[in-house]
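Chain naming follows the written order as A, B, C, D, E and F, and within any one chain the residues start at number 1.
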Amino acid sequence: MNPVDMTTETLRQQAKQIKADGCRFVTVTCLEETEDTLALIYHFEKNLELFHYRVRIPKDKVVPSLCPVFSAAFLVENEIRDQFGVTFEDLEPDFNGTLYFGDSDVVTATPFCRFGVKRADG
Amino acid sequence: MIRTVFKNFVSPRATRPYPIEVRPAFEHTRGELENDVSGCTFCGVCAKKCPSACITVNRKEKTWRLDPFSCVYCGICVDACPGECLFHTTDHKKVVLHKIPVVLTKEDPGLEKPEPGPA
Amino acid sequence: MIYAYALAGVILAPFAGVFIAGLDRILTARFQARTGPPILQPLYDIAKLWAKEPMIAHRFQPLCVYVYLAAAMVSVGLFFAQSDLLLIFFVQAVGAVFLVMGAFLVPSPFSQAGANRELIQILTYEPLIIIVLAGIYLSTGSFEISAVYAMDKPLLMNLPLLFIVFGYALTIKLRKSPFDISASHHAHQELVRGVLTEYSGRQLALIEIAHLYETVLILGLCSLFWTTGVLGTVVLLAATYLAEIVVDNICARMSFKWMLKSVWTTGLALSAVNFAWLYARGKF
Amino acid sequence: MFKKIMERSRIKSPWLVHYDCGSCNGCDIETLACLTPLYDVERFGVLNIGNPKHADVLIVTGSVNTRNRHVLEQIHRQMPSPKIVIAVGSCGLSGGIFKEAYNVVGGVDRVIPVDVYVPGCPARPEAIIDGVVEGLSVLADKQRRPDAANGAVAVDHTNSEILYESR
Amino acid sequence: MAAAASALLTTGSILLIGQVPIRSVPAFLSGDLFATAVQAADFALLGLFLFFGIRFKDLLITGLSAAQIAGLFFFEFVILADSHAPAAGLYCDSLSLVMVLLICIAGSLIVLYALPYMQEHERHLKPGKSRNPVFFSLLFVFIAAMNALVLVNDLMLFYFCFEITTLCSFLLIGHDRTRTARENAGTALRINSMGGAVLLLGIVLIYTRLHTLDIQEVIARVQGTGALLIPLGLLCVAGFTKAAQMPFQKWLLGAMVAPTPVSALLHSATMVKAGVYLVIRFAPAFAGTFLSTGVAVCGAFTFLSAAALAVGQSNGKKVLAYSTVSNLGLILACVGINTRSALSAAILLMIFHAVSKALLFLCMGSVEQHIKSRDIEDMRGLFGEMPKVAPIITMGILTMILPPFGMLLGKWMAIESAAGNLFLLFMLAMGSALTVVYWARWAGILMGSDFRGKPRPERLHVLSTISLFSLLGLAILLSVSAPFFHTGLLPGSITGAGGFAPVNGSLANSAGSFAVIPLFLAAAASFLFALAGSGRSSGAETAAPYMSGIAGPENGTYIGPMNRITRSVNRNYYLSAFFGEQRLSGAVNACAGILILLMMGACI
Amino acid sequence: MSNTILPFGPQHPVLPEPIHLSLTVEDEVVRQAVPALGYVHRGLEMLTRKKDFHQMIQVVERVCGICSMMHAMCYCRGIETLMDIEVPRRAQFLRVIWSELHRIHSHLLWLGLYADSFGFESVFMQFWKIRERIMDINEATAGNRVIVSVNRVGGVRRDLSPSQCWWIGEQLDEVETELKAIESTMLDNYTVKKRTVGKGVLTKEDAWELGAAGPTLRGSGIARDMRELKYEALDELEFEPVVETGGDAYARGAVRFKETLQSIDLVRRAMARLPGGETAAKVKGKPEGETALRVEQPRGECMYYIKADGSRFLDRLRIRTPTFANIPPLTAMLPGIELADVPVVVLSIDPCISCTER
């Protein structure tokens, strides 16, 4: 797979383009690339083929949500909000970091980033 | 549906009378995990391969410790065991009222040593 | 003498009810290719519930439950005392109303929605029962049960369609599919267990007992359709109950709106046809 | 005599409520399978009643996480005594293969007292039937000593060392 | 002052027991002077209506009152020009006596209740000058007119009283002088003028045929002949308008803008009962005719449709209003069946309905002043806020629907009587089921524990308390004593052979028996048993309701999405898809209109 | 404030799994449904830091017990792609056989639960009775009833003997007969149709737009089945995706019912063409690179994204499960239906919350 790189500025515009091409939204993958950058990989599908677009962002950056274009994106964006602490603009409905976690107890906002569960072999 | 219902009514009931009559198990059923400790070399491969981290092997003290309550009965350890002393019985592990891990030692084969744990 | 009958009825009815309910569960299981519980299972259930820790969701709830039970007992007593059918029916309605009120008391959405649905069920079966009773009146010239027993021909011959209409009411009262809308036996329902959700322990046991009484009462009413011979009565009751169980097993649960519409239309139409037939035969 | 009937009835009519506490569905469907014609636990008077206020037996499958622990506690609290808890499956017993995951608190016994442990991944219907039958003897015991029924929550701390070390 | 007058009325009415039947023509009623005075008053009254019609620019009122003036003029000065009918004077049989008792006792209790209520009402409304004296005077005029109405034996006098009640109701409904009050008062006047006009037409027609205005004589001459159906039909229609039968129900629904005592008075003892009284009074005259069946069908239809409309309502006062309409329909259905047992059912229903409905309306008034809402949904858990009134309402509701109370006794008698007529029976059966739905729902909502915060202490004026408790006591007492009451007070012509007879504290006829006193004993016993039982189990703490395992900190809340504490509510179960006012009203009014036209058409 | 608000779940008798829906209901008609998740979230994706890529097979199997075989197969295929391993042909066929068996058992289980959701208890019992034969097949061939653990990187861990194949065929015949007997109930029964037809309608456009997957998508008339990607041995086994056009709960039920029969057929054909040879390839080295691939699970398309950096531990494992994709369509379906139909519609997407939340 060869993800096409995008920027947060062009993200929504390109998403509209992709949708106009007849593509379907599949999901978004977020991963921690370095200590302070994250990558969001957007997966789309057309005719059984997957297309990938990558956006690299610093950890505190606000990302425009895809919800206005693909309304199905709200769930995965909320999940990323929970797990990586990425804030999305225009997210509807916005669970505000409470999709998976209660306000209490062990896990706080962004476990993937903050704790970064260490590997078993160090 | 009415036909099915009446067919059920007249045909013998499908229920397996389990606790009264136990059905013979299938040959390859992965039941309880056991260690024939007499053949065990305490190499620790099983502990290393176990995805659930439920086996601990102490080479020095020659103890093989299994937490059957976090074992997922996948059989990876059995496949991996070089000495072929690990095996699955065909019967499921019995229910218990207290969680007591299985600890086997070479000197004391087969004996379950209850650890001072929670009651 | 009638007091003795009434007393005997009130005392024996729950045991008969346990037997019927147990048989019901076994037969249901057999229709589903299962073994099913022992026949005294309803008794065990009630006894167990009786001994559970009391847990009350609202202070007036026990009152409602007791009134429900008392109404069921009184109506069974009146039945065995061969009283007026309308009166029995009205007394029975007291219980139904109090069961609903008890469910309304608790601020639980399931219980309250269940109560509302129970009201719709009452709304559905009440007119039907009144019409069936009126059919009996037209055949016998009286609302008294004794008048039914005085007949020399079974009522079923005069009121075959009304018996089917009564079957609707029976199904709703017994909480069987497709009408287990306000509270199903197994709580596998969007409203958990509807009206019964918030009752627990002893209250639930009392409700179960009252339900046994109601089962006996409704089967008693059913038996009025064949009063000329004991064998006929037994066969009719057995066939009816078996039909109920089979219907329970071959139908999905329906929605209350469907129930209201279809039961009213078919029920009223069937009874109108039956009455027209009676009229044609000069029974009026 | 009534007392005797009640005592006998208690072990003859266990109504259960099943809570899926973050299980992978394996144990859930095996629990459900117990109710179906081939295993038919209704033979023992078991009904899957679904409402904690009516239930005597709480069957918990799956590992406890930070959100559902409150739900589990609440369901347990809403069951009238005497009651028993049966933890089913490796996850319910200890967290199983997930015990190191970040959102897993551990086995059911970390939150509510567990009376019977049914091992297996997933636990076989036969094992679950064994669990219910075993649970009934516990229930009979509890009835003899009613104080024990509402005892303090016994919380298990085995394996806790593996849990949060990395944080 | 008003309290003393009420006491006087009550005493007077009770003293009347045992004096019946009276038939007298007091001197002051027979003189020419009196006749002229009534004539003048009649014209003045109609002139007043005309004035209101012109002032409201309401063509219908104007037209109707003008027509009535013309009609009256024609009658008085053309037909009656030289042949003065002999004065018929007063007539009081047990029916009148029952009515008088009802009007005086229930009316007095309502007045009693109104004393503190109106003070509070004025404080809330703040008019420049207290209009309470006017209000109370009107109440007494109203009660007096009602008393006169049930006692007079002269059709023209009856017409006069009929119009006075119309005027009083119009003024009382418009008492608050708000826009809606004025509009609804207009509606009331419009519909009741229709009734008045129809009544006048009927009277004129009767006179032209029989040349008498003596009610008893008219009945005696017509009874069993099947003649004079058109004028009798017109009288029935006039009764329908007063009794707010479909499709004339609108004015009664609008009347609830008036202060609560007015509604209570209109709905229970006066006004609507005037309509029912009219039909009952003339019932023997048309027994066995098609008109009688027509009245029964119209009544039964009203019973069913008003009950259905009540199911779709969440406004408490509207539920009460529809229930009144519905119950009056039931009463009229009984009258239409026109057998002895049916008539006794009708009279019993009228009595029990008046007492229970007065009670419920007065309670509603207290509730409305307390919670500032008349919506049933806002009364959820009212018990927490009004620990006195809420149980009284619940009891009132139970007296409306459950055995062994009087309303159900009446309903039972009605069904037994109607069992021969299938169409009626279907409607009665469905209507009574619908009735249970809306009452039981309300009772359940009242007693639930959804109240927020601390219960407010309930302030209830001592007069209101006396009034409410007496009404409740009266409802229960009357129910208990129904069998004796039935034989002791109801007209002998009704309770005789073919009707119901009391046996061992039951009311029985050939079709069956209603065990009033045994049931009361059973009810009392089971209630005590229930109290004891619930007392035993009330040691336990109340448990939180089941909320799918996520109940919040407070009862009735849960922790919803985004960890928000959400209050779970259960509202809006009014089945508007089936029973909504918008959905049903049109069709129902059309059907009722057609039924009435059919009834009248068949008379011709 | 004239609406009923009630919490539906997480613990609810008709919900097999904990999901919460905050329902706003007006006269028993749902006006709004807000979902809440998190009752099953465990954090499996992060277990890649604790378990090596072999051990992760057992973990992904437990993403969901019902489609465990497919999860493991998809994961193994991903690792095999990264490591350039050629899986023996026999292993590919065996994977198809077991995965289709899983589809059958999953669909039967669902059909039962679905029947239970509209209160048809005897149908529930019947489907689960039929299903036990599949469970027996699983147990006899793989050693466990539900989580079969047959996959390994490079192939499968178990083999089928000819006698076992013959026995499986016999069992499947029985299943097919019994299914045919109940077909009319599921597809033609008046009460069932009354409860399912027109409930929770998802139009073709909405289904596409909201990213529905699997039978939910096919029930709306879009023929999209990931098995068309011809992974494993599917290139040799012809099949047509089952499509229904109703877009309602009934259509989704019909799709699943027909797919069950289709899968029985697929298993039969796969067993008939089962080639000889090894069941697993040797595995050397560690995975490196990134890949995204999809398989068709009983509930729909499942996507795995795997990123490895050449060590024993994967860098990132991302699982997009079918129910995750079906939740947005579900929230769109709920408004406008009756309260009594909520369980029916919720179940009609065959929700697997443990998949969704991992």
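Definition applied: a residue touches a chain if its C-beta (ideal position, glycine included) is under 8 Å from a C-beta of that chain, and two chains touch if they have at least 3 such contacts.
Note that the structure is predicted; figures quoted are calculated from it, not measured.
Listed by label, the chains that touch chain B and also chain D are C, F.
The most distant chain from chain A is E, comparing centres defined as mean Cα coordinates.
For chain D, the chain with the farthest CA centroid is E. Of the two chain pairs examined here, E-F and D-F, the one linked by more C-beta pairs in contact is D-F.
Averaging Cα coordinates per chain and for the whole protein, the chain whose average falls nearest the overall one is C.
Averaged C-alpha coordinates give centres for chain A and chain E that are 68 Å from one another. Inter-chain centre distance (chain C to chain E, centres taken as mean C-alpha positions): 35 Å. The geometric centre of chain A is 57 Å away from that of chain C, both derived from CA atoms. In chain C, the residues that touch at least two other chains are 31-35, 53-55, 109-110, 113, 186-188, 192-193, 197-198, 200, 249-250, 257. Contact with two or more other chains is made by residues 93, 98, 100-102, 111, 117-118 of chain A. Among the residues of chain E, those in touch with two or more other chains are 543-544, 546-547, 549-550, 561-562, 568-570, 573, 575, 577. Pairs of chains meeting the touch criterion: A-D, A-E, A-F, B-C, B-D, B-F, C-D, C-E, C-F, D-E, D-F, E-F. On chain C, the positions that touch chain E within their shared complex are 53-63, 65-67, 70-71, 73-74, 78, 83-87, 90-91, 93-94, 97, 100-101, 103-113, 115-116, 119-120, 122-124, 126-128, 130-131, 134, 137-138, 141-144, 192, 197-198, 200, 202-203, 257, 260, 264, 268, 271-272, 275, 284. Considering their complex, residues 314, 377, 547-550, 558, 560-562, 566-577 of chain E touch chain F. Residue ranges of chain D in contact with chain E, taken from their complex: 19, 51-53, 70-72, 74-75, 78.
Within the complex formed with chain F, the chain C residues making contact are 31-34, 109-110, 113, 177-178, 180-181, 184, 186-193, 249-258. In the complex of the two chains, the chain A residues touching chain F come out as 1, 24-27, 29, 31-32, 41, 43, 48, 50, 52, 70-72, 74-76, 93, 98-102, 111-112, 117-121.
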